[in-house]
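Next come two complexes, and both contain chain A; in the first it sits with chain B, in the second with chain C.
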Partner chain A sequence: MSKINQAIYEIQKLDAMAKEDRWMNNLHPLVKLVLTIYYITLTVSFHKYQVEGLLAMCIYPVACFIIGELSIRDALHRLRIVLPLVCIVGVLNPFFDRTPVGAFGGLMITGGMISMLTLMIKGVLTVFASYILIATTSVEGICYAFRLVHVPKIMVTQFLLIYRYMTVLLEETKRMTQAYALRAPGQRGIHISAWGSMVGQLLLRSMDRAQEVYESMCLRGFTGEFPQGKPKKQSRGDVGYLLFWLVLLFVLRTYPVFALIGGLFV
Partner chain B sequence: MHMADALIVPAVAGTMYVASTLAAGKSVKEVRLENDTKKIPLMGVMGAFVFATQMINFTIPGTGSSGHLCGGMMLSALLGPYAGFLTMIGVLLVQCLFFADGGLLALGCNIWNMAFYGCFVGALLIWRPMMKKGITKGKIVAASMLGCILTLQLGAFSVCLETFISGVTELPFAVFVATMQPIHLAIGAVEGLITSAVLVFVHEARPELLWGTTQSEEGKLSFGKTIGVLAVLAALIGGILSLFASSFPDGLEWSIARITGDTELEAAGGAYDVFASIQEKTSFLPDYAFSGSDSAAGTTVSGIAGALIVLGVCVLASYAFRFFKNNKKTVTVNEQD
Partner chain C sequence: MSHIHLEVEHLNFSYEPQVPILQDISFYAGEQEAIGIVGANGVGKSTLLKLLVGLDLRFTGSIRLEEIPLSRETLPKVREKIGYVFQDSEAQLFMTTVEEDVAFAPRNYGLPEDEVQRRVDKALAKVHIEHLRKKPIYKLSGGEKKLASIATILSMTPDVILMDEPSVALDPKNRRNLIHVLHEFDHLKLIASHDLDFILDTCNRVILMDGGQIVADGAAADILKDEALLEAHGLELPLSLYGKK
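So, the complex of A and B:
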């Protein structure tokens, strides 16, 4: 699948998933946004040698994947961008930090190995947390949450517009690149002689489209901001869900819960 | 250049969020002052345009590889720095949420590294002063190349600094910078070529669309002043660079020193200690660590055993929760029927 097709597919899939009628999808978007940021903050705050602590944080994504009926395969697919970057940064840690911290069989475990591992775990967990948010919350819901935390209307509106016109312009870009590829068989990418004219044409068309969009919006009464629609009330379930995770994640972050439980059995 | 959440600590993320929020606040104020309702849809569509063109592969002449566009400099040359900056925030947010390209917590860093330099430095310090006395093709090419290269260099340097301060990599700062900067020099040059090709095309087809064509008199910075600001910026960066470089002369020596007995905190002084103490404060339970404890191995075994038990319980509880929720929904639907 081409890069553009892949992007369109992913956007449409996430959009469809977020619109499904499931328990997690129906939670208040602000609750999910706050929890996601809280979870990511706690996860990245672990010290580079705290592997056990990070393992405790796996509870949140595991529970959300099951309750939200989310696909782990799709989430793993999202790691293709983050994990290589994290690996590049972390892969040299074992060479520079050779402080011995323990032994496993005959193999000496060094601080660098542990810090590389924690970095990778953090990378995976934080990507999963973002995925849980976007797979269970529509963009409109996220924009509504942004407004509740007083993100300026102008930023929210243009974010929503980017999202709405993204697939339109991706389709247009796909048609243009396909047409180019058919006229230049065997050529990888766009030749330098066509850089300006091709992207420039797309740019001019986009600007004309923006004018048409603006006129259409004016005809529907646009005065510089979108109406926010009916406000969604927070239910007791929303508050309970939020409090439950706030407390549990704080406890997991603060106390060595896993070690204490493990100590009872080992 | 998109930073992942794993590469930063909350203190760095928070600081960069504050810095980016200040720049966003200024931009919102400026765009509101323009009072042009037409600009909001234009920003939205231009954001979608930048996102779409990022998917195009551009063949780099003389090589077998291809590059792609980031868009900050191009957006600011078309929309101006403030609207361009807000649009870039939207693009970065879409990339973060939909494609996991950059983290949600690291968004403040990414906005600063890619949007702030591309839009503010690129437009206010390079594009506007250079176009003050009229736009020509040569000036567009020069401004695009200089803008893209410089802003990507600044962005790459910021990535190194943010990652280093966060303490997630053992790679010495000087080595990290020496790796990042040349790579982004090449990326910046390619981006500069693409940006200049597109802007030259726009200049020939619809010159009125370029920012600065109608407000050239409003330019507040002369070319001399611009060079002055850039020189100060370069001196500042050079100063910081040399400071860190002198602290960590060689990665190999550093690692040998550590094996022979130096602890991690004693390994460096100055800024490292300050930021390490900030990180320690944000770390809720620093003693709950793998290293430095006599019973480290024991704690780890207990931790892993505990992890497996709790995860098992968590999985079962989650399935039970889902089962009861789904069951309840089915009963409700049946009752409605």
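So, the complex of A and C:
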């Protein structure tokens, strides 16, 4: 499968996954959005040397992967480009912060090493939290939740339209590259001499298509806000789930739970 | 039944002043009429349909739906009454599933969710695609996409239907299905198509266009049997009429 096909397939698969009839998918989108934001805020608020506290925060994504019946393998595959990028954020820390903070075997551990590790864990956990939200909530659901927390209509609509047009752009790219490949047998990629016209055509064609999609929306009463369908009411389960995590994550953030548990055995 | 009619008077349209696309188009389309707009490629059929729903307002002359003149101010009112099926179904379907796409218009018009569901059920049943309800758009075949895009406008319960090349991508069974759907829709229909057999099956009146102008307007049975007229304007007899003269 070509890279473009793969990208389209991934978007479609993620869309389909979010619409599956599973317990976590059926939770109110607002609950999942609030929890994700809350989790990310707590995670990034840890001090740069608080690795053990951060490790305790792994409970949330692990539990969500189990409850949401999500595949960790699929997640790692989908995030294979983002995760390394997130991990290299603190790669220079060991060079700048050489304060010794301990030793492991014969190796001296510096503050820079710890802060690099902390940054990596923070990055990975926040990416996973976002992935859990996307994999269990449709884009329309997320936008609905955004509107419930009064994110401006224009921003939510922009977000939705960009998401929609992303597929339009990819589809056009696929058509053009297929047409090119069929007339350039044995050639790998697109020859540099065709790049200019390909990009120009792609822009014009995707703009045309986007214009048509927009016209179609306007002809069916679109006035700037996507309709959300039946407003989903929050059930007791939704509230219970939210409260459980709010309390647990707060406890994990405030108290060194792992250290306290470890202390019981020393 | 609606009593909606459409009146077009001296309609002119061009993208550039020296290159007219539509010239002095005038016709009256009464309630319940089924009008086929036929002509060779590039004669302005699609452009005419697009102007009728106000997708471009840079025209001169007038377009009136009932007594409402088409203008920027009246666009929402006019569009509520007209359902437009695009030539390219890909452009018409933008939600993730068939059900969501069909529900898009009724929800936009602020209908209660029960009514939205009732309309979705009815529209899907009308084109016999109830089984595609939950199917993601990207998994539909070309013919299914066409039927789904027709369902998206049927859920608006429009008083007028405009269709641009509706029979493209349909297999014989779905084509028959669509013809049946159009026969059941007893309001005004305007269908632009090259498929003269389809027009013969669905329309009682034909407007023949050439060079952005109307060159003939009359009963479908008369115009579509006039081989000389059709050939003079770049068309041929419908296949079903070959050898039946």
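One rule holds in what follows: the second predicted complex is superposed on the first by the 225 of 266 C-alpha atoms of A that agree within 3 Å, B and C clash if a C-alpha of one lies under 4 Å from a C-alpha of the other, contacts with A are read in each partner's own complex, and residues count from 1 in each chain.
One rule holds for everything that comes next: a contact is a pair of C-beta atoms (placed from the backbone, for glycine too) under 8 Å apart; a residue touches a chain by one contact, two chains touch by 3 or more.
Please read all numbers here as calculations on a predicted model, not as lab measurements.
S.K.: Once chain A from each complex is brought into register, does chain C clash with chain B or fit beside it?
M.R.: fit
S.K.: Is A:209 in contact with chain B, with chain C, with both, or with neither (first, second, both, neither)?
M.R.: In the superposition, A:209 contacts both chain B and chain C.
S.K.: Kindly classify A:138 by the partners it touches after superposition: chain B alone (first), chain C alone (second), both, or neither?
M.R.: After superposing on A, A:138 lies in contact with chain C but is clear of chain B.
S.K.: For A:255, select first, second, both or neither according to whether it touches chain B, chain C, the two together, or no partner.
M.R.: Touch partner of A:255: chain B, not chain C.
S.K.: Now for A:244: first (chain B), second (chain C), both, or neither, which partner does it touch?
M.R.: Neither partner.
S.K.: Is A:164 in contact with chain B, with chain C, with both, or with neither (first, second, both, neither)?
M.R.: both
S.K.: So, does A:3 touch the first partner chain B, the second partner chain C, both, or neither?
M.R.: After superposing on A, A:3 lies in contact with chain B but is clear of chain C.
S.K.: Which partner does A:222 reach: the first (chain B), the second (chain C), both, or neither?
M.R.: A:222 contacts both chain B and chain C.
S.K.: Can you give the closest approach of chain B to chain C, taken over C-alpha atoms and in whole Å, for the superposition?
M.R.: 9
S.K.: Do chain B and chain C land on any of the same chain A residues, and which?
M.R.: Overlap of chain B and chain C footprints on chain A: residues 139, 164, 209, 213, 217-218, 222-223.
S.K.: Please output the residues of chain B touching chain A within their complex, sorted ascending.
M.R.: Touching chain A from chain B are residues 2, 4-10, 13, 24, 28, 31-32, 37-38, 40-49, 51-53, 55-59, 61, 64, 66, 69, 78, 86-87, 89-91, 93-94, 96-101, 103-105, 163, 167-172, 193-194, 197-198, 200-202, 205-206, 209, 251, 254-255, 258-259, 263-264, 282-286, 288-292, 296-297, 299-307, 309-311, 314-315, 317-319, 321-322, 325, 329.
S.K.: For a test of understanding, state which residues of chain A touch chain B in their complex under the given definition.
M.R.: Contact set of chain A toward chain B: 3-4, 7, 10-11, 14, 23, 36-37, 40-41, 43-53, 55-56, 58-59, 62-63, 66-67, 69, 78-79, 81-82, 85-86, 89-90, 92-93, 95-99, 101-103, 111-112, 114-115, 119-120, 122-123, 126-127, 129-131, 133-134, 139, 142, 152, 154-155, 157-166, 168-170, 172-173, 177, 187-192, 195-204, 206-207, 209-211, 213-214, 217-218, 222-224, 253-263, 265-266.
S.K.: What residues of chain A sit close enough to touch chain C in their complex?
M.R.: 8, 12, 15-16, 19, 138-140, 164, 171, 209, 212-213, 215-223, 227-230
S.K.: Which residues of chain C touch chain A in their complex?
M.R.: Those residues of chain C that touch chain A are 53, 55, 76, 79-80, 82-84, 86, 88, 90-92, 94, 96-97, 100, 103-105, 107-109, 113, 116, 136, 138, 152-153, 156.
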